[in-house]
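Each of the next two complexes has chain A plus one more chain, namely chain B in the first and chain C in the second.
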Partner chain A sequence: MIVTKLEELHQLPEYKEALVELLFQLADDDFIIAYRGSEWLGLAPHIEEDVAFSSITQDTMGHAAMYYQLLEDIGMGRADDLAHGRGANERRNAILLEEVNGPGHYLYEPQYDWAFAVVRNYFYTQAKKVRIDSLKNCSYEPLAQVAVKVNMELYYHLMHWRTWFVQLVNAGGEARERMRKAVEKVFDDFAGVLSLGEKGEKMVECGLIDSEEVLKARWLQAVKPVFEQTNLELPSEFHMKRGNGRNGEHTADLIEALATLSEVYRMDPLAIW
Partner chain B sequence: MVEKLTAALAAVKDPEIDSISIVELGMVENIQFVDGEAIVKLLPTFIGCPALDIIRQRVEQVLSDLEGVEQVTVEFIHHPPWTSDRITEQGREKLKQFGIAPPPKQTGPNGEWQVECPYCQSSYTLMENIFGPTACRSIFYCKQCKNPFEALKPISIWM
Partner chain C sequence: MAIVTSFERLSEEDKYQRFMERIEAGEKIEADDWMPDEYRMTLIKLIAMHGISEIMGALPEKEWVPKAPTLRRKLGIMAKVQDEMGHGQLLLRVAEDLMAPLGKTREEIMQDLFSGNLKFHNVFHMPAPTWGDAGLIGWLVDGAAIITQTNMLDASYGPYARALKRICAEEVFHAQHGESIILALAEGTKEQKEMLQGALNRWWDALLMFFGPDSPSTTGTSKQDITIKYRIRTKTNEQLRQDFFTKYVPRILSIGLQLPDETMHYDETEGKWIYRQPDWNQFKEIIRNNGPKSKERLRLRELSYRHNAWVREALSGSKATV
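After this line comes the complex of A and B, so read on.
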């Protein structure tokens, strides 16, 4: 079954419910990782990286905006409100992606952890690539079309983060040690990124996306050569130590991020941008 | 009438590369004219491109100035996806005039690019950063004429 038009969608309440859930996961993931990326602006290790990282972040925020637009088209409210006006318990992003970049604050004494940034972004971008490849066959045609477009931009993002990952791990010394620690830390919550949440089975049944197991196997297959090349051990199990963001479980980091990023929006939610 | 609308769109330049029009960039997918309403379907080059709203406003303005046009609707669509081979030959020339190398038509077996310097045409160039000042551009350096320059990223369906 392929759903191409909104009229068809509105006659399939269960299908629509699963689709909406999936779109919120995709949108909220890109939205919050892009916000964390934006906090790095001016703080990246060198100026070329500042240009690259902010460009990737801009693309990623664009992807989030487009998913929110798909939700608006379905009748879930205005894209701006969906991005800025929803509380932490309504968010569907993985907990790993909401975590602060490190101690301090971007305005004063930021002690951000570049190893964590590289590992989180590489692992997430690879997971996003696996999801996008699956979404190219999504039964909701507007989402399948968007996936084709996102995929082209993602190509450059993935190449970027993989390069950083391999170079830093293979550099040895302190770099390798910090990267190893970051890998360990990211795996503690990485199961949350690969989770489809409580409605996951319904999504698969509706032909929206492949199952968690399939996505995870493809992710492992994609990173395996990189782990071999860097002589790192790939665990067979990932964790969700702080809960599953797909089900609305979140940390204080997200509450604070939302308060900061929506400050201007909340002054006048009806303003035209 | 559609021809007239198309001709008018040649005046809408990319706000970030003002030598090239949205027609030459291959962003215009479809133009229709129904009962006084001009409907233009555009393909964004990059999804998060901040110039999209400006482009929308300029299209609305240019077309609503035409006689017989009562209403203008601009829609951004993602299918077919914009790819860098949609840029016309004329567009490629205009990019060079602006100091931007057009996107490579082909990439090597490992995805590497051959980019010629837009100033001296030398292929003795070096990629400094795959990411540049805007989402669609990369930063290069010409080892022949010693000029830094930018190149449009190749964007293709095989990626």
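After this line comes the complex of A and C, so read on.
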């Protein structure tokens, strides 16, 4: 079954419910990781990286905007309201992506952890790539079309983060030690990135996306050569130590992030900005 | 080869003479060409300051990137600040080539910034407490930058002139991005209008100072005579400030804003804008890193530099300077 028109969609309530859930996961993931990326602005290890990282962040925010737009088209509300106006318990992003970049505030005394940034972004981008490849065959055609667009930019994002990952791990010494710790930390929550949440099975049944197991296997297969090249141990199981963001479970980091990113919006949500 | 050898044999005065003839004929000087020390040092200072200002200039806007009120504005301001960083990088590359014969690198530029030897533009020492400030920076600070940079598009130093061409093209987009934010606020609610007027009031003096003092007597130093002599720029600071008024005063008034200077008017007989001078003593303090946000923003830059030392070390394979 392929759904191309909104009229068809509105006649399939269960299908629509699973689709909306998936779109919120996709949108909220990219939105919050792009927010964390924007906090890094001006603080990256060198100016060239500041330029590259902010370009990736901008692309990622653009992807979030495309998913929110699909939700708006379906009738879920204005894209800007969906991005800025929803509370933490309504968000569907993985907990790993909402975590702060490190101690401090983005304007005062930031002590951001570049190792965490590299590992989180590399692992997430690889997971996103696996997901996007699957979504190219999505039964909801407008989403399949968005997946094709996102995929074009993803190639460079993935190459960027993989290069950093290999370089820093293989540099040995302090860099390797910091990276190893970051890998451990990211794996503690990484199962949340690969999760499709409570409605996951329904999404698979509707032909929206491949199953969690298939996506996870593809992710492992993609990173395996990189782990071998860097002589790191690749676990077969990951964790969700702080809960599953797909089901609305979140941390104080998200609440604080939402307050910041919607500060101006909330002054007057009805105004034109 | 013969030509090179004969140039090498010339006395310093003759080399200088040839150099001046070249630039006066409108020829471009390239990185490997002979140039007087004064020219090289003036360019290094000017271009390093310009490059670092682009990078420090990202910091007041950085505050508003995560907070931009809509998805479209978030994307717009992200693109804009990324461009500024890109300009910084482009300019630092130009400065690095000029510094190479002196055995200096980007490392020295960063150290000079932290020690206060290298100044950054007065506007980037100022606070940007509201979204209105974010729009105003894009509209008028970038608008002012377009005016000063257009003045150097035909600079005698080829690599700088070429970098400026690209930068100016992008700055035009920035000014449009800023103007779009400003227009939304100007046509918006009472609170939005007040936010905008507040931002203009806050930035007015800094905008006037942006073009530099009228003459060295105002602040004790000004490089404008040297840069004009070497054909790096054509107009004086005051001419540029007047150009800014001519372009922007009518626009400011047309969107319903009030000028924060009630004495401001155009004198038809003199053919120039009459305005209240900003406090040039405050200007001196600001560029000595004693502006309202100087320390805080330098601290951000320094902290990230220090905190990422391990990354530079890992990339270079040797102990990085902290």
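Simple rule for what comes next: the second predicted complex is superposed on the first by the 272 of 273 C-alpha atoms of A that agree within 3 Å, B and C clash if a C-alpha of one lies under 4 Å from a C-alpha of the other, contacts with A are read in each partner's own complex, and residues count from 1 in each chain.
Assume a residue touches a chain if its C-beta (ideal position, glycine included) is under 8 Å from a C-beta of that chain, and two chains touch if they have at least 3 such contacts.
For clarity, every value in this text was computed on a predicted model and none was experimentally measured.
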After lining up the shared chain so the two structures overlap, which partner does A:Q145 touch, if you call chain B first and chain C second: first, second, both or neither?
-> first
With the two structures laid over each other on chain A, which partner does A:Y156 touch: chain B (first), chain C (second), both, or neither?
-> first
Tell me which partner A:L232 touches in the superposition: chain B (first), chain C (second), both or neither.
-> neither
When the two structures are overlaid on chain A, which partner does A:V166 contact: first (chain B), second (chain C), both, or neither?
-> neither
So, A:G62: does it touch chain B (first), chain C (second), both, or neither?
-> both
Applying the touch criterion given at the start, work out whether A:D80 contacts chain B, chain C, both or neither, answering first, second, both or neither.
-> second
Of the two partner chains, chain B (first) and chain C (second), which one does A:G42 touch, if any: first, second, both, or neither?
-> second
Touch check for A:W114: first (chain B), second (chain C), both, or neither?
-> second
Just chain B (first), just chain C (second), both, or neither: which does A:A271 touch?
-> second
Comparison of chain B and chain C by chain A residues contacted = C
Intersection of the chain A residues that touch chain B with those that touch chain C = 48, 51, 55, 58, 61-62, 65
Complex contact set, residues of chain C against chain A | 55, 58-59, 62-75, 78-79, 81-82, 85-86, 88-89, 92, 131, 181, 184-185, 187-189, 191-192, 296, 299-301, 303-304, 307-308, 310-315, 317
Note: in the complex, chain A contacts chain C through residues 35, 38-39, 41-48, 50-51, 54-55, 57-58, 61-62, 64-65, 68, 79-80, 83-84, 106-112, 114, 167-168, 171, 173-175, 178, 260-261, 263-265, 267-268, 271-273
Taking the complex as given, what residues does chain A use to touch chain B?
-> 48, 51-52, 55-56, 58-63, 65-66, 145-146, 148-156, 159-160
Please give the residue numbers of chain B that touch chain A in the complex, ascending.
-> 46-50, 78-79, 81-83, 128-135, 139, 153, 155-157, 159
